[in-house]
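Report on the following structure.
As written, the chains take the letters A, B, C and D, and residue 1 is the first residue of each chain.
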Amino acid sequence: MNETHHLRRMTTIWVILSIAADLLGWFVLGPHMPPGRMTETAYHDQIDFNILLMVALPVVIGVWVYMGYAITVWSAKRAPDPVGGDAARGNTRTQVLWISITSVMTLAAAAFGTWALVVDHGSGGGEGPNPIWAPSGAAQAETAAFSPNSGWTPGQALPVQVIGQQWKFTYRYPTFGGFETSQLILPDNATIVFNVTSLDVIHSFWAYQLGVKADANPQVNDVAYTETKQLGSFMVRCSELCGIWHGAMYNSGQVVTPAAFQSWAQQTEAANAANTKLLPPFAWTYVPDANGANGGYYPDGKATPYSSVEVYGSKNPAS
Amino acid sequence: MTISAERPVATSGGATTTTERVSWTQRPGIWSQHLGTAIVGAIVGYLLGHWLGNAIASSYPYIQNSGQNVIAVTLGEIFGVAGWLLGIGALNYPLAKMAGRQPGKEVDVQGWSKYFRYSTNHKTVGLQYVVGVLLFLFTGGLLAMAIRTELLNPTTHYFSADTYIKIVSEHGTVMMMMATSIVVGPLGNYLVPLMIGSRRMAFPRIEAFSFWVFTAGYMVIFSALPLGGFPTGWTGYAPLQTQAGPGMIGYLFGFAVIGMGMMAAGFNMAVTIINYRAPGMTWSRVPILVWSLLATSALLTLATPTLFAAGVFGLLDKTAQTAFYVNEHGGSAYLWQNLFWFFGHPEVYIMALPGFGIVGEILPVFTRKPLFAYKVGAAGMIGVALLSFFVWQHHLYQSGINPDMRPLFMLTTELISIPTGFIYLVGMGTLYKAKIRFEIPMLFALALYFNFLIGGVTGVFLSDVPVNVTVHGGFFVLSHFHYTIMGGLLFAFMGGLYYWLPKMTGRMLNKKIGLWHFWTMFVFFNLTFFPMFIIGLLGQPRRVFTYAKNLQGLNDFSSVSAFLLGFSFLIFAFNMVYSLWINPQKAPANPWDSRGLEWQTANPVPSYNFERIPVVLSDPYRYSEPGAPAVADLGDAGLVHAAPQD
Amino acid sequence: MSKQGRFATVIVLFLVAVGLVVWAVAAFLTPGTPGGEMDFTTTASAGQPVNITVQTVGAIGFGAHPTWVSYLVKDPTTGAWVQDTSWKLPADTVVHMTVYQYDSGGPLRNQEWGQVQGTIGGTATVNGQTVSVVDSNSGGGVGHTFAVPALGLAVPLPGVSNPNICGAGPCHQSSPHNTVSFEFKTPGPGTYSWQCFVPCGLGYLFGNGGPMATQNYMGGVLDVVR
Amino acid sequence: MAKVEQGYTSTPEEEEFELRAHIGSVWSGGRLFIGMYTFLLASLAYTYFYLRSSNSGNLWRPHHMTAPMSFGWGIVLATALAGVLAVYGQWRFRRGGVADWQVAGWTALVLLVGALMLQIWELTKLPFYPGASGYASSFIGWGVFNIATLVVSAYWVETALARGMRLRTEIGGDRPTLSTHPSAQSFRANVASMTYFMGFVGVGAAFFFALFYLI
């Protein structure tokens, strides 16, 4: 059997299997790929995943077909004696071809990833305090966050603050008087601006079906965007190890109709009014007292935070 | 015990004969330095340090308040490790050196007791490392069994939440630290001098130091459990790290101690490879495993100091109350993430590259073909090593650190798959029109190609920022790195053991038991970890003790497979014991018909490796090439011809 | 040694290793597991409310960490105060909980936990008065909270401002304390973690280490069964 | 003439090969050690600049807190001078000035030990507590690293000096600068590597002095 025969056979098997796998992957598996299509970012993340899958499947199948072919056809029982020498030690054309193909593929993957990241406004990932790929309306939401009675109307972007603490996420709605609650309710068809921060250690806010993940760092406002597209409930989990109850740090949230959201927000604002008065004014980040209640780790009275940001809990500066 | 305390040694020129003191570490009998004195030293040191810490710090307010004296624990650990090194004899020469003394001529004590001593013979150290890393591996594996037990049920808990986190953290830390040395330690130390035609390593004391510090690190990391464990996982993120109890010292100090071992091992390895190559062992003839170990050593020596520094800062935060990682006092929690991953990503390649090297050695032997694209393969390893310093922030895509840098890190990360792909080019090219013998080492090598492909391709998914949003911090990434480290490195290591243990011990490992081991390990490895990709995509974060009820089926499947995977390691352990001790079968001098220089010396390998320093004549991969020159001129033993052609 | 002898040695060594592992698991890995949980399922007849009485103390006074702050629960059969935070409860049942709060308090890090949430009626009774919000910045502040995040249950336990607070647990009624009682309904079967949201682990960064991060002190699980 | 050692024989060619390899190891090991140490100190410099630029809660360096200047000058001058002396000594050593090298070496050692004492003393006299600011934290880090560096360099200088003294008797009165005895060759390689390291330490001390005290 000559050389072209082997390669032709392998290529045939590879093409058939790859096409089959890609078709199955795109049409059967693809639409159900996590994280689903509840939001624009989730939808984009899903598409990106599927596109990478379309490239990855032929690569994996290619190697497997080759290896499978090799171990069946060229086993010691069947194969003729191999030929060593220079030809077997390296073949410039093969090497150049291999390097070129892998280089093109990886560069294309990086370019595609960058493009997807930019057009999808950070793809729902935490973009730090000064996002450079913000969707329209984000700037308006940032301003609105500091006018506590601005509420929300459909079409506007809604700012929501996510506060991680050991071991629960709580949520502040700055445009509704800045009330805080442990429920996460979002309106449908709206751009949501998540401002994620923490009061102690690092957490990670992972709203799975929304395609949003942003680390909650103390004293950092980690911003992530999404745009809701479907009604329904979604899961929030902490995805950064934060101590003993990390595994229990979850809650479910809901995307509801704009009207339902309005009424829920207004009701909760009213119901929590007594407590909201006791909260510090809304700020992007808060300075938790590193010591905890009644003294603690660092010597008290010597740390003097000349802080420009709001203090969560009045025990700061340390007494 | 065949040597006496005083023995005649011929000095240069052979004219005068003087008597020279034999090092304390090499004296026969129990009145010398060995594991026993090391243990005594460690215990005394720990108690002394602990007492000192209590004397100094028990009145400090935060220590009184917390009811746990981290300073006493830290000093105890430091003194304990110092006592361990003092007891084993690691400090004998460094102290004698202060009086200007030269190292004494050291020979190994004969008999099994040499394995419990501060041996400077690279073959003894290599075998010590084999046992050491297997001990690491098995204890880490038991913890993995505990993790999978807890995850059998989303609501019924076998461990309490805090204990579960301790187990997870301990498992990750032990495994990661073990994996850094799993090839460099045992196979590297044993084989590199044989492969490059040297009679010794460049710095045998540093080599021995690396092993005994490695064992000390093992104990330090495990001391965390009785001290209350640490809750941070192997990544040890601050400020959770700063919040944790004294068990955290076991992590921070353990990392620092093992870091010293890693630096020492890499330093010695790199210097040896550069300087001790036999005449004729040009860079284009260096075996591919040696190339991979050189690249690994570069990472070990240059990346580990960062980890060491990060660990020292963490220790200072916990004991001296600095605030490196505490935002509220002027530090930054991001700092740890940056320092840790600046080490942490090269670390990942510290664990991948040696595996590539091993399969590169195994493939030509069992295909009877030269290694395809040898230079591209070597260049790929160096390329991976270099690039690995520029990718660390891909662990931090969602952290809010430098979000505008994400495209750059996405690019560098995906670029790394180009040199990694070279390894596949090498493998697939070598298999082309080969004559494959399915011996156990070859099966493991092929399994690496299967597993690492999955691990590598999922790595591309992880490096893509939009996809990373869903898969970061979940079981997907967990499965990904188990596929690369366990599916890659550990399979390669197992293949390497089956391949080289006949050389190292003079005994063949039983093939029938080996086949059982391979197939159970390969099948159950994949059945354990492949479902975890799906579990991760369905939204299960890492390190949780409870999960969504609908994922129980997949988790149980994974757990049961994991138990069977654990069982396959028992088969392996049994094979080791059976073949090496219960029913030993003498190995032929060159059981696999390899051309490798390491197979050309006598069996068992004499303590001086080569009768004459060999003159290397060609690279070791010229199989199936009639008229290929012998691999080396071994001097008195005459020209050793190429391995028999089949 | 004969082949059989070596084989037997290996078996013996293997058994020793297994023994060591079992010992290590028993010594270091299983204490505080839900196995030793306090059973409340048999204390009331089906459908009837279950009574739980607990106290919070500033320093537990015994055990491995005598200075740590802790919850203690009253054993429903013997009436003794026990350090156990894993409670077995019947599903879909009203739980009537009484907390004797013996510890001092202060401002909450997050005043959100000063709201009574998730109880029946959305209120709790503090020393006979019905409250729904406790201002943690005034008076004795909040000493601890009893919160089950998965159920949305959170009740602040106001701190004791009397300086003669109880020094070591178990504390007696004669020490100054606040009595907080509330009712909540257990959900379907499952395990639900509960914790305190006051950073009360003294000497730990953010006050959330030590007793806050160790089961049987300031957190535990509700094991709800049918 | 073959040499009997550990049960094997070495031909003169092999001895020469081993000696070359050994000297090469000392040479490349010395450079690699500097490389490793650079990464260690670079981690500290990175920390310094990272905390400085993030300035969490405006707590990088309130009131421009500075460690005691007198200690700082003392430490940096002693360390840098030790570095200069090591380089000078090596320069003289290469030209046969063994005595000069020894005097320079012992002086450098005294300076290093002095700097070490000062550094430890300084840590007990700081006008801020360790967790007071980012600057305070990284300064403590530098203190610890500097102690380690000074111990390592003092050790290296001391062992080289002690070796030099003993060597003279070992090689039968030959000057270590000229002798072709293997021990002398090895010794010279060690001294050269030590000198490079000392120069590196001197530069490092000046660099971190500038970071922590001057700017």
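FYI, a contact is a pair of C-beta atoms (placed from the backbone, for glycine too) under 8 Å apart; a residue touches a chain by one contact, two chains touch by 3 or more.
For clarity, every value in this text was computed on a predicted model and none was experimentally measured.
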item: Most central chain, Cα average position; value: B
item: Chain pair showing more contacts of the two, B-D and A-D; value: B-D
item: Chain centre separation in whole Å, for chain D relative to chain C (CA means); value: 55
item: Averaged-CA centre spacing for the pair chain D and chain B, given as whole angstrom; value: 30
item: CA centroid of chain A to CA centroid of chain D, Å; value: 47
item: Centre-to-centre distance between chain B and chain A (centres being mean Cα positions), rounded to whole Å; value: 33
item: Chain C: positions in contact with at least two other chains; value: 193, 201-206, 208, 213-215, 219
item: Where chain D touches two or more other chains at once, by residue number; value: 56-57, 59, 129, 131-132
item: Sites on chain A at which at least two other chains make contact; value: 200-201, 219, 243-245, 248, 287-290, 295-299, 303, 305
item: Pairs of chains found to touch, sorted by chain label; value: A-B, A-C, A-D, B-C, B-D
item: Interface residues, chain C side, partner chain A - complex; value: 104-112, 114-115, 117, 132-133, 135-137, 147, 149-150, 152, 154, 192-193, 195, 197-208, 212-215, 219
item: Chain C-touching residues of chain A, taken from the complex the two chains share; value: 163, 165-168, 170, 180-183, 199-201, 243-245, 248-251, 272, 274-275, 278-279, 288-297, 312-315
item: Residues of chain D touching chain A in the complex; value: 56-59, 62, 129, 131-132
item: Complex interface listing, chain B residues touching chain C; value: 61-68, 142, 146, 155-163, 166-167, 225-226, 228-229, 231, 239, 242-245, 326, 546, 577, 581-583
item: Contacting residues of chain A [partner chain D, same complex]; value: 219, 287, 298-299, 302-309
